[in-house]
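Think of it as A, B, C, D and E in the order they're written, each chain with its own count starting at 1.
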Amino acid sequence: MAKINTRPSVDAFEGGDINFKRPSQAKEIIRRLKKNKGAMVGLILLILIILVVIFADVIAPYDAGVIQVAENKLAGPGTPGHPLGCDSYGRDVLSRLVHGARNSLKVAIIASITSCLVGCTLGSIAGYFGGKVDQIIMRSLDIFMSIPDLLFTMVVVAALGSSIPVLIIAMTLAYFTNYVRLVRSGVLNLVDQEYVEAARAGGASPARIILSHIIPNTLGIILVNVTLNVSSLVIYQSTLSFIGLSLPAPAPEWGSMLSSARVDMLRAPTLVLFPALAIVLTAFSVNLLGDGLRDAMDPRLKS
Amino acid sequence: GCGKKSDGGDGTRTLVLRNTAGLSTNDPHATTNTHDYTVFENIYEGLYDLNEATGGYDLRLAEKVEANDDATEYTVTLKQGVKFHNGETMTADDVVFSYAHAQKDAHMGSYCRPLDHVEKVDDYTVKIVMNQPFSPIGHMLHKVKIMSKKGVEELGNDFGKVPNKVGTGPYMWDENNYNPLSSWSAVAFEDYYRGKAKIEKITWNVIADDTSAITALQNGELDYMVVPISYWEDIKASNKFNCVEKESNEVMLFCINVESKTHGELLRNDNIRLAMMYALDRDGINKLVCDGYGTPTYMYINPNYAAAAPAADSLKNPIPYNLQKAKELLAQEGYPDGIDIGEFNVAAGRNENFGVAVQAQLEAAGIKSTLVVSDYNVAGDRNVAQEYDICIAYDCGNYDFNNFEQQSSSAAIGLTNVLFNGPSGKFNDLSAKFDEWLKEGSSTADEAKRLEIYTEMYNAYYDTHTQVPLINLPSCVAYSKDLNAIAVPTDYRVYDWSWNS
Amino acid sequence: MAEERIPLIETVDLKKYFKVGDKSYLHAVDGINMKVYPGETIGVVGESGCGKSTLGRTILRLIEPTSGQILYNGEDITKLNARQMKRMRQEMQIIFQDPYASLDPRKSVIEIIAEYMIINKTLPTKREIYNRAAHLMDVVGLARRYATAYPHELDGGRRQRIGIARALSVNPKFIVCDEPVSALDVSIQAQILNLLMDLQDEMGLTYMFVTHDLSVVKHISNNIVVMYLGQCLEFASSDELFASPLHPYTKALLSAIPEPDISMRNKEIKVIKGEVVSPVNPKPGCRFAARCEYCQERCMQEAPTLKEVSPGHFVACHLCEN
Amino acid sequence: MSNTEKMLEIKDLSVIYETDLETVYAVNGVTLSLEKGATLGLVGETGAGKTTLALTLMRLLPERTGKVTSGSITFEGENVVELPEANMRKIRGDKIAMIFQDPMTSLNPVLTVGEQIAEALYVHNDSGRSKEEIEARVDETLTLVGIPPARKHEYPHQFSGGMRQRVVIAIALSCEPDLLIADEPTTALDVTIQAQVLMMIRDLRDRLGTSMIMITHDLGIVAQTCDNVAVMYAGEIIEMGSAEDIFTCPIHHPYTDGLFGSLPNLKEKTDRLHPIAGLMPDPTNLPKGCKFAPRCDKCMEICKEVPPEVYVDGTHSIRCHLYCQKKED
Amino acid sequence: MYRYILKRLLFLIPTVLGVTLIIFAVMNITPGNPGRMILGANANAAEVEAVNQELGFYDPVLVRWARYLENVFTKGDFGQSYSTKLDVFDELWPRFMITLRLAVLVLVLSVSIGVPLGILSAVKQNSLMDTIPTMIAFFLAAVPSFVVGIVLMYIFALKLNWFPSFGLTSAKHYVLPVIAATICELSAYLRFTKSSMLESIRQDYVRTARAKGVAERTVIWKHALKNALLPVVTSIGMRFGCLLAGMVTTEKLFSIPGVGSLIVDSISLKDEPMIIGCAIMVSVCFTLLMIGVDLIYAFIDPRIRAKYSKRR
């Protein structure tokens, strides 16, 4: 129903000068988000994690790759100078966790964004132009989708060797299909909307329609998906590590820390615990935030 | 399903063993995988048998082996009264057939390369004709298994895929439980010519993952297991098992590629290689990777395992760990701030662990490198193709220095796989000399002479600082207290084992 | 009726078929001939799905016609290329039915109103464009404090005013109003109708007013087209049509309106039996035949054409021909 | 109209919607009554609270947000507001039935039409009818609303809008309810179909003697079908009376006047309409005096401060200071 | 309908073409060395080279692709594994059956627990019955499945010795791997069902049902659920397809010889025929599953049934 919010008066532009300041619609979403306890917990955790990533060099007591001393092998948590202990190479676990956050999140976030970009581009092309273009894109996508994500990623990593760019490419290839479908159906919905027709009635070009009407209106759901994808990619990456396809040995990365600590599980359970916690905590908080975002964008879900 | 569970003492208890992977075939000539051979050694037999516990070979299906003067023809008298599992009696025909069969298959064929052919002399005598004198012939006689000609031919194309009865070993495949992917059994062969085995039945379960294997061992689901070092303390402490730890014949090697396309110039600098030698702290590596159970070594073959190998003190200039000296050498060559020597190629798994440790030690001296980890086979191929700057190589199964000849053509890095006669010509002369030494060594029947040649070769080789031994890996075996086993790292012979009564 | 006046818009045998399935065509608009004179309003009435919106959109070439001509001031706009069409779009505009769906929810009011001007570079600077947008808000009676509000914060009536302001922003001569008031409450509807009529008086606009509400169409139109299944059944001036409807469908339509007058309570309602039949591959003959109580043999075979039965009053019915 | 027994009495009913963000005052102190066999027309603008009132009668308000804050609803001697859910379920569909506004969404797409009609019969099968009898009743109901019974095995998507609305009506009528609430039953339909459906509802009501509440915003429909009319504005009934009172009596609430002024007249040519200025007040923040005061052209000082009393003249009642004051004078 | 199924089945052909081409293309970036794999580590370079030549390994990708397809479509021959030299299909099939059995168990369990829990938390939204399962599901969704497996193994196999830690030889053996894989699947179903159910509960027809006096239970199970199931069915199809290749970690951890571990092994060995065989197998399965999902769709939803039967 009509709910009239009074905006800061713009009557000022009577005289000719327009103070064209656009109040963000995001405000409303943020307001709803703030009411969601889970999402706020997720957000705070995430901010903390991101701070850790940014200030990794300051926080981490040691350089991640270098062996401290053989004597420190498997030092337990609480050892002086090594609050979380050392791993089987005598490396400081805290430092590796903190540096590992960088690799883990970098890959997850970038892959999430690139898959979104690739998917959105293809999806909006397919949706807006329809016809043959749509057919070709969607049929190839069907084929793409029939190869399970994990299998595809493994083949790509095996073929190109494991490195951060390759992981990003592989994960992008595994995840972009979701976006194509998502964006395409969004676009198909929107193309029939009267406001798109209105824009055409005003003489707008297809590019303008896609960029200024369609993309902004699918942005919400895309954003939610990008967020949630970050968490699945963190987990996905750890799965790859587990089967030996993630970053090569000395590079700190949560998944590979976890899987390499597994052989020491009986002697030093905390070695498994900490990276596992890091993964779970990150994925958990991203999920909380993503879910909260979705609720905030679709208030119907709440009542 | 599984065999019956223990009631101890009466010998009907099934022995449960771990295999790290499924059987890829049961044709003993169609594979060289260790995990297949471990099983086969209990089912098939060759003319010789390897004695892993003491080193050297025992006669098995051969009664007597005599070489001619130039060691190109061996006359083998066969044991009589040996029965195949299918009831047939072993004769010279079967031996001729088996060698021909082995030669045909590329896997076993590589062990038989100097072999020309085997011919029947009479029913119980064959003549092995070689193309050249070949000192490691013992290994060939051990590796090539004798199979029933009739049995193999009857199975036709199915041979290798279904349980067969073509072996002579103390155990035969159990037709009731044969799932090569997950679990299979063998039962004692009643008519075994050395007498029926004391343990009635063996079941192998495929447990790829170490943690689940340890769990199974702890739960009594396994009777015998080679324990990964990281679990060793726990297993020992549990007091539930007989624990045997000893040196194995597996050695870890560190290699430098002087013919590297990218960093060759740097690596051809003798002082830089020497600096790397000084940077290697074998004790530290041992502690980090082997929990101190390994043995730091400069020997290419563990003398304790090999029947004929240079003694441990035969190396003239072993280079000890000296970080200071390493740094000095670098500075002397104009790199006081360190250098980058490129890619450090390692295979995933254990080699990778060594890689991590070595990389860090080199880095401590200012020598930076980038680890490139790939699958075992891929890494092997890269090594063969010389696509690396430095690498970790792994060598096992050398029971005789004689095997060098074989290793030289193997994909796993052996002595000569470090390219010598490359375009840079750095060690071309030595390389040529090497071939001579090897040829001479392998065709010399006189063992003392051979040892002398090898010792010389070995010192010359070490002094190039292109491939150096680091650690002799430990072998830790735990087995049930009910079991009388002879603990060996790989090729156990269950025939010699028994249950405690 | 049409002496020497030139119609602003004229459609000649305009057709729009949608392809549905492999061989089927949906005859949404099927041969409409229509003239709209400057400053007048033509009302288009008909049941849901009879092709009213499609007609409006086809005239603006928002949908490409299947065949036929659309003449704007005598110029056939179906032949124009994209650039010429962009210019033409400033002459012809549209106001949509659904004030919720026709406004981009991510754009503020003033951005929506200014969009056409930005696209067409109607004015040289952004500031002038926004000033004119603000002025248009005054014109349609939207308080300026809503300039930076978002459509979802406003009620239907205000939103419809935004749509009107947007249409006006390029100074069109001709506006298609596609049921602009049917989603609104009566009191708001009346406000908007008043506004539209005032604007017409002031600016000399020409409307094509699409609706299914007969009382509204009578109130606002000079001439009325009664559409049924893509075809025009009757065309007459508004007064004439309401005073003496000829086509059985028009008659039934008029009698079906519930009037807010209890004295009419027991009046005879001519309920048309059945429902609108599918416009996909229609059968030959009169489109209304299946529901017509006077249907004859001939109606089933031969499609009646639109004939002038009295001056300015056209009917497509075999019964009315003599 | 012969029987003046009251079947439904609503007293001082108030309903709010409470969400995390705001409280909507949807119905504010409504008092109403309905005689047996009579039809009450409930008119008002969007958001006036018509649907809320109907849902309250059915006790179908959204569980967590919708709350009855005061008042009572007496239906056949029982207070619906306090009735246990189980008893309420017996009344729903059997004694009180409802026709919903949107025929497109109010039918379950995955059940056949026949199943959906039969469901209510099975639920309220007190007389122990057999399966065959129920099916027969379904056929009967379908015939009643003019759909060939053979089509009962079809799914809603196979029906047109008008037919779907008939199905919705058939569902409501299947148990022969005492009270039928029709919430804008024809808004989604075309004029010709609307006429068909309205005729049908009228016929059925007369034939079955059902009492009815007809919710609509179309005064035409009210005029054609209702005995009594209540005009709702911002959750209040601002004017109520018999159809004659509303359509012929000269005095009205200014809002009702405004409604009539907004309608284009079919008979005479009017140049301008005379609508009410402005909009309905924000239901989360209602004015404290008369709720219509901000839009009223006859607004007095008192209107802004004091909620008006009800002026009663026979069956006609108006909630407006204009008339209350006159009466006092 | 039959025409439609046939059409979808025919689409299997381009699918197989596309899948193989993609895999060939990717594998071609850094090809392995089949000769070496076939002959083993001890063969010499010349022999290896000869085998590679014979296999046509140095031909361009497209040539190799065409040859492969020719063999597949004319002879039904999917090639021989480089590493085991067995027919790809012979080696694949038993492993596929193992994975399939496991996957079906996981599916049945996770659907039969996850979906009802999802419904419950949608129906009891915002109560404890909702918050607790939702929060647990949320948490579990953040845990990699192999971590769950490790924890289960540690507790139930190592510490408590209730269940064996490897293999699939008896019913007991299934317990841990199935639970480990189920836990992660389950939380996905829970979340998905919940949101789908919430959507469907809001619909007008649910209100219509309530207005008929239908008991709440019937409203949920008969009216809301059937509609809510549609998207859930799709996700079941999709997830099951992915499960076939996606139980790698569980299979590795519990030493189960399934397709997942076969894929990993073949990939690390660059056993091209095997990888492609697996890919084809899984993709065909996936496509068949999606056809199945569409059929179930048509079964549940008459609107879609109508669409298919009309499309002639």
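Everything that follows uses one rule, which is that contacts are C-beta pairs under 8 Å (C-beta built on N, C-alpha and C of every residue); 3 or more make two chains touch, one makes a residue touch a chain.
To keep track of the chains, here are their UniProt names: A, E = Peptide ABC transporter permease; C = ABC transporter ATP-binding protein; D = Dipeptide/oligopeptide/nickel ABC transporter ATP-binding protein.
Please read all numbers here as calculations on a predicted model, not as lab measurements.
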item: Chain whose Cα centroid lies at the greatest distance from that of chain D; value: B
item: Of B-E and A-B, pair with higher C-beta contact tally; value: B-E
item: Between chain B and chain C, centroid-to-centroid distance (C-alpha), Å; value: 89
item: Where chain C and chain E are represented by their mean Cα positions, the distance between them in whole Å; value: 53
item: Distance from the mean Cα position of chain C to that of chain A, given in whole angstrom; value: 48
item: Contacts with 2+ other chains: residues of chain D; value: 46, 64, 279
item: Where chain C touches two or more other chains at once, by residue number; value: 155-156, 158
item: Interface hub residues of chain B, defined as touching at least two other chains; value: 211, 214, 348, 375
item: Partner chain B, residues of chain E touching it in the complex; value: 32-33, 36-45, 47, 51, 83-86, 94-95, 98, 150, 153, 157-158, 161, 164-170, 252-257, 261, 268-270
item: Touching residues on chain E, where the partner in the complex is chain A; value: 11, 14-15, 18-19, 22-23, 26-30, 138-139, 141-147, 150, 154, 195, 198, 202, 241-242, 244-246, 248-249, 252, 263-264, 267-268, 270, 275, 278-279, 282-284, 286-287, 290
item: Interface residues, chain A side, partner chain C - complex; value: 1-11, 13-14, 16-18, 20-23, 25, 193-195, 197-204, 208, 213, 216-217
item: Residues on chain D engaged by chain E in the complex (per definition of touch); value: 58, 60, 64, 89-94, 97-98, 100, 102, 105-112, 116, 119-120, 123-124, 155, 157-158, 168, 171
item: Residues of chain B touching chain A in the complex; value: 210-211, 214, 228, 230-231, 233-234, 283-284, 287-288, 291, 346, 348, 352, 355-357, 359-361, 363-364, 371-375
